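Naming follows writing order (A, B, C, D, E and F), and every chain is counted from residue 1.
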Amino acid sequence: MELELDELEEFRLYRERMNKRVLSAKNLGIKRFFALDTRAYEASALDAKTKELLGLVASTVLRCDDCITYHVIRCVQEGVSDTEFFEAMNVALIVGGSITIPHIRRAADILDQCREKKRKGHTLDI
Amino acid sequence: MELELDELEEFRLYRERMNKRVLSAKNLGIKRFFALDTRAYEASALDAKTKELLGLVASTVLRCDDCITYHVIRCVQEGVSDTEFFEAMNVALIVGGSITIPHIRRAADILDQCREKKRKGHTLDI
Amino acid sequence: MELELDELEEFRLYRERMNKRVLSAKNLGIKRFFALDTRAYEASALDAKTKELLGLVASTVLRCDDCITYHVIRCVQEGVSDTEFFEAMNVALIVGGSITIPHIRRAADILDQCREKKRKGHTLDI
Amino acid sequence: MELELDELEEFRLYRERMNKRVLSAKNLGIKRFFALDTRAYEASALDAKTKELLGLVASTVLRCDDCITYHVIRCVQEGVSDTEFFEAMNVALIVGGSITIPHIRRAADILDQCREKKRKGHTLDI
Amino acid sequence: MELELDELEEFRLYRERMNKRVLSAKNLGIKRFFALDTRAYEASALDAKTKELLGLVASTVLRCDDCITYHVIRCVQEGVSDTEFFEAMNVALIVGGSITIPHIRRAADILDQCREKKRKGHTLDI
Amino acid sequence: MELELDELEEFRLYRERMNKRVLSAKNLGIKRFFALDTRAYEASALDAKTKELLGLVASTVLRCDDCITYHVIRCVQEGVSDTEFFEAMNVALIVGGSITIPHIRRAADILDQCREKKRKGHTLDI
């Protein structure tokens, strides 16, 4: 189980390190895109929780495990319940079909790792 | 403008006619999938408006104009505001990239046709 | 109905004309790819009907209407029954999700146009 | 080689464990989708072997390694020969392009692991 | 032929009108994305012609006709020759497979319309 | 770091071994496709460097890590600079959206491994 909790930390560290690397390339377009990406999920007319669910479902139908991991962590931070999580996953499953199932399995795995981490009193960083 | 309003009606009639045709084939799997599809968007832990926004963003990143048209109409029926609509579209644009822009243009077009139809006192059926 | 039958003919003529145009460009890679494309569906260990069903399902989950139209016509030529057609579509629907439904509607429409054309004693060319 | 045979078992165990986890969430839509997914491949007008080949090609053009692994195992169980397997892969390659090649490499790897497992007299479960 | 030339103008006018509509929504994220989109194709270490070819091939493998039309027009403006155009299309065809062929047919059609427009001394706007 | 350099070698060896396995199947269509794939990137009207950038961007928007790894190595062999690399990645990011970011992170990682390998005087094979 400790090993699995490490999966979240490994994801976070690689993502952080390589984002720095990519941004170090001084490509202004990429740098600005990263800023827009962050802002797109900030609360406005739609709240942050709804926007994270949108990001989660979009990532699931497009089948990107790293994007799913990121949005599952953010959904947990925004207080998404298990029932809400699986209702969103059901929309993704219906829209995207059985090809999304392996990603839904991994999303549920990440969700459980996040819950376990919080249960143990660890912080859940991204 | 009358011509454009017809676009919604044309969409509705073709969709209705061909859904009947497909269901007339007596394939039990397809019939049950259609039932699951409808139920996935019913209010539960997540409300119907949020679920329609999830369907709209999923359809936009997967770039299916007919699915987008359907969910724009349903979003309008569920009371999504223009600001909320474009915030959802912004998430789709960030996740899915410029390849979604032609679909966002058509989604905005459909949104305007829905608003116009309601302004004129017409019902907005799906 | 006559109008709808024209849809098949319009498809065939545009496809034929533009294939000629593309091949006129004397790009050897494109020319050879077109030859491989034709041969991939020829009967061998798997018969032509099975291969056309593979092409139909692949085109449906990738959601390309022109490719679907082509393979529906070829499936009819190879003697695929309506029941077999909808069982293949059900696999595509399950794998690919509701995003394939607009394409399944159009595939059923094309199927009906092919059946109508044959019922009238017209040839079904591609 | 023992290590590679473990890959099939690891896949099976994770899939089984996480399917249970996902279904434990008591989301009726997801539960019913899983049932439809199973039924879509049962013999009817099209036999089970043809349906598994449809699932395999659909998974390959959509480029999902877990789905490919599942359908390769099922194809072997249904008696698909190597020649039939590679003819189906050729259709996938032509429809989906070189982007499917890494998945075809892994599909061939899984196929060989399945053959090896059967050669050794082990059962091939899913 | 005049009719076909109108296709380019119709595309340009709808694109221009709906871009204005989308930008009128005052969504800052969308507005900034549109700016980044324009800048991504400006000459820098890679020249504008190479960048347009990158945009054309990306649009072709992702199979977006509107995006293809846009980049074909821009490629013609940047002086891409027919031979270069079809070599780029060949890369797209190999990477993306036969599913791109209907889009390559339409891309060749748009290319011919652009050449015809220039031959007649008309300006080729976007 | 030595470990990461091994990643390139592991990729190369698995690719080489499984390509041989796939080609050993004596499927003429697959064999000919592999030949067309190689030829598509040979210098002609467009030079090899431009064609590799086209392959890299196509692989990135289609989000295939193995294809990206291959084209990053080939781009380095053809003398693509870091600035050119990130300008091409920026086009992929704009066209394909944030869903490409995990792949851009890994592409940058592979690029750094290639540079390190060359810096150490090792050959960079594919």
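As a working rule, a contact is a pair of C-beta atoms (placed from the backbone, for glycine too) under 8 Å apart; a residue touches a chain by one contact, two chains touch by 3 or more.
Since the model is a prediction, treat every value here as computed from it, not as a measurement.
The chains touching subunit A as well as subunit E are B, C, D, F. The pairing of subunit A with subunit C is characterised as same-residue: of all residue numbers used at this interface, over half are used by both copies.
Same interface as B-D, judged by over half of the contact pairs sharing residue numbers, among the pairs C-E, A-E or A-F: A-E.
Summarising the inter-chain layout, the chain whose CA centre lies farthest from the centre of subunit D is E. Averaging C-alpha coordinates per chain places the centre of subunit B 39 Å away from that of subunit F.
Separating the centre of subunit A from that of subunit B, both taken as means of CA atoms, is a distance of 25 Å. Centroids of subunit A and subunit D (each the mean of its C-alpha atoms) stand 27 Å apart. Under the contact definition stated at the top, the residues of subunit A that touch 2 or more other chains are 29, 33, 36-37, 40, 58-59, 61-62, 67, 83, 87, 90, 93-96, 98-99.
Taken as a graph of touching chains, this assembly is complete, with every chain in contact with every other.
By the touch criterion stated above, subunit E contacts subunit D in their complex at residues 61, 93-100. Residues of subunit B touching subunit D in their complex: 28-29, 32-33, 36, 39-40. The residues of subunit B lying in touch with subunit A in their complex are 36-37, 40-41, 44-46, 50-51, 53-55, 57-59, 61-62, 67, 81, 83-84, 87-88, 90-92, 94-96. Residues 14-15, 18-19, 21-22, 25, 27, 29-30, 33, 37, 58-59, 62, 64, 66-67 of subunit A touch subunit F in their complex. Subunit C contributes residues 63, 82-83, 86-87, 89-90, 93-94, 98-99, 101-102, 104-106, 108-109, 112 to its touches with subunit B in the complex.
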